């Protein structure tokens, strides 16, 4: 039997799959269910300092090659969210708390509260509007990535994983910036800037017009991002984007990821997707002669 | 009957579809066949100053949501290519000559020769290694986009269309740079940086490791790029990326494109794709109450 | 994969002063109790039960708030987007079935009422509304079986709430299945009296929805998703839920009193 | 969509000093004359005819250059990537069929020779090679019908080229179909003598290939694509081509003398 346990900066996982932020993780009941369905860990919805309704509907569109969304960071706020983390913890879930804010202080403040709820690590969702940079996102400013990471590192004693955006010229340099800021690991990638128009209605599909693309369409983009990042940093990387099978997960693992996150694939496959990925990963690794998933990490760089 | 003719900077097309550069356009015979199959114009393979073999195989991979390629700009060189342009011209094809080089002089030189063969416009493929910027592409340097465009504009009296890369933070600012350089139109988008790994072989699929993603996966990325660009420039835009139906084409048209290019969709649909797109576009426009395709350009900005 | 379609509205039918039915062509199937995500362009995208199955589908919309209010000003020929059908369906079981509907809840149940009648079941419907003019689908339910009416203001039929009327009906006649859809407290009352008498209940629950396809977690009810695991739950399931009848989630995901 | 598969090599069979057959499992179908794109990891991806159809497929590879040379050092258990089948197939027509094969061209034809025999046709094969040791698939062709041999150096059978031998055969016996695969000049000679006698010819043409799926234009022959419209063309088609027998394209797309 292939050993499928993995570890990211001291966070031990029973298997390398995690629930990606933004999927079935606004409530503790759902997170518990996902963990029970087989995920190695669950990442919470990105939580900010205050409740936020997000954008009006339509917020989510299924396209032929992926999913387009602009939910606009809806979340109940960090205070109310305590209830949800506690509920998920009761089920024994390994929880990574995703946080966001408008500036470094807000990130640090939310992360501190999140940490106090007993999560195992903090993920920084940097894909939100930059208070200083007009129109850009925090994720699109290398200095902000470094500084925000540093601010959160200084505030909490948990591992901190900035989550990077692919909407930049060279994602690896952002990973380096995060590493400089003290990051314990990197999560890549968030959704890709995109848009869909409905010709019959002569208008964009999303109420917000623009959105982010996820699902199979972005897997090759994510694999490349992880590969590039792993050539530049020495901290562990978690791969995310379009993963729906064991083969998909192994693309990321062999590109250098030590764990993967799964979101959009829940639509076609349901929560069984975690188990399916883990089983397929196990048998592919076995066939390829690996004794553990950790041996396979980064082998495509050879 | 909806009027499907369109025009880009004086180049008149019988319909808004063009063959995208890199598909069945290394030889005059194939370009003639594509034009006869119904394309409004054909864009040539990107031609450089000298013959180039490109990368070794595998160079092209069909993925679930798109096509990944790293052909490495194979081309017979601008001298030999005269034969091919002449052959395609014999069939009456409207031809746009795509060119590349290692610096502004080479671009201008190749464009001058290409112009002398009787093409109707020049497309600048800026997605090639930057002689000055280590490791980056010309398409990733705003100043280079402006300067190279200017150099080619100064050398030829044909309309010049720089083709932009989506692998940048803000593609619209590159369109603005191109406009400043005197571009008569913009083509967007080229392929998206990507990679695929074959777990069973523990290695990247492409001999070049990295490649560019095209096909359905990138359509929402391209539509957004065109939409963004059209908010910033006053020159016409040609949309390309994942177009395989009349609906797809109209997404780009309504985002602001005055014509579209089609590449990867040739794989599932064959050369009939041009006719199919034109027919479907016509009936969708008719249903939506448009008398011509030009009325539909940019309506999604309303 | 359920498909997205843009369809022109064929016909608008005013059902009550606050409720309108919209008919449109759609060949995407659908079973009694399932819903569509309906995009009202420039306003919102909302979950709506399929009130007419068949080739010419129908949705029946109560004018609750901004989007549904704007929708009421649409005309035939206007286009809307629909995707689905989503969710589970009513199990069409039982030979003597009682349907208890409150307000626009009748829209979710009427197709099931008709289908049960079609397959030979006796269907008795208890319809409730605030006032007589707001009673929905009384004629359709009447053609499918027997109808009893309750109005809060006593303007027609029984003066009071539908569950009280329904409880009288179950005391008079033995039913082997109860369907219900309406305000959560109404459904809770139905579940309660049915439990005492050991009659199985299927209740169609409403929650705020965003995706409709089981990923956004907006519609969660304890650890179940109303869009995917529901909208129809059995009395046994509802009994397990801490939130049913007590809490719902607002647009930000906060738990608020139901 | 034809699928990509990674398969372990089950068996290597040396056919001639310069030719090796590789067998592997593949449930992707395939018809006589079609080819696969075969990825020799770390070396190249090349078009190869399917020399064995059925559940355990085969390709038969001549050691031409760097990649095929490296491939010859592979062992059973080593993995390769295959995608396809691509291209058109030989039409299995005629009751008396002549097959003219030169060198590794036999790999493209052998499945057709066997299939024709299977369906009751008389198949006469003229196999040519530089020297006796290089003759390919003589036994398989022999089991399927009659075999005549030509070697350039006269070490076995007719001393000379296969087309000259084949021309003798058509003068002796009436054939209603000719298949051919081999060096382009050889095929041109076959087409020429067949034309004089009005016998239809199907020739399998080789061109440098990159994509194998009709988009890169590397394999073009006038305005046809060998990977998609071919590799099998009729004598009438070949007669239209300016390039057949005269030009091919190098890796850069330049026209060079064939």
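Letters A, B, C and D name the chains as they come in the text, with residue numbers starting at 1 for each one.
One rule holds in what follows: a residue touches a chain if its C-beta (ideal position, glycine included) is under 8 Å from a C-beta of that chain, and two chains touch if they have at least 3 such contacts.
Predicted model only: the values in this text are computed from it and were never measured.
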Distance between the centres, which are taken as Cα means, of chain C and chain B, whole angstrom: 51
Chain C and chain D, separation of their C-alpha mean positions in angstrom: 67
Rounded Å distance between chain A and chain C, as computed from the means of their C-alpha atoms: 36
Shared interface positions of chain B, touching two or more other chains: 200, 203
Touch-based graph of the chains, sorted into line, ring, star, complete or other: line
Interchain contacts (touch definition) - all pairs: A-B, A-C, B-D
In the complex, chain A residues that touch chain B: 63-66, 68, 136, 140, 167-169, 192-197, 199-200, 202-204, 209-210, 213, 215-221, 223-224, 227, 242, 247, 250-251, 254-255, 284, 287-288, 296, 299-300, 302
Residues on chain C engaged by chain A in the complex (per definition of touch): 1, 4, 6, 39, 41-42, 44-46, 79, 81, 83, 210-211, 213-218, 220, 222-225, 249-255
For the chain B and chain D complex, residues of the former touching the latter: 22-27, 29-30, 32-33, 45, 51-54, 56-62, 71, 74-77, 80, 83, 198, 200-201, 203, 207, 263-264, 266-268, 270
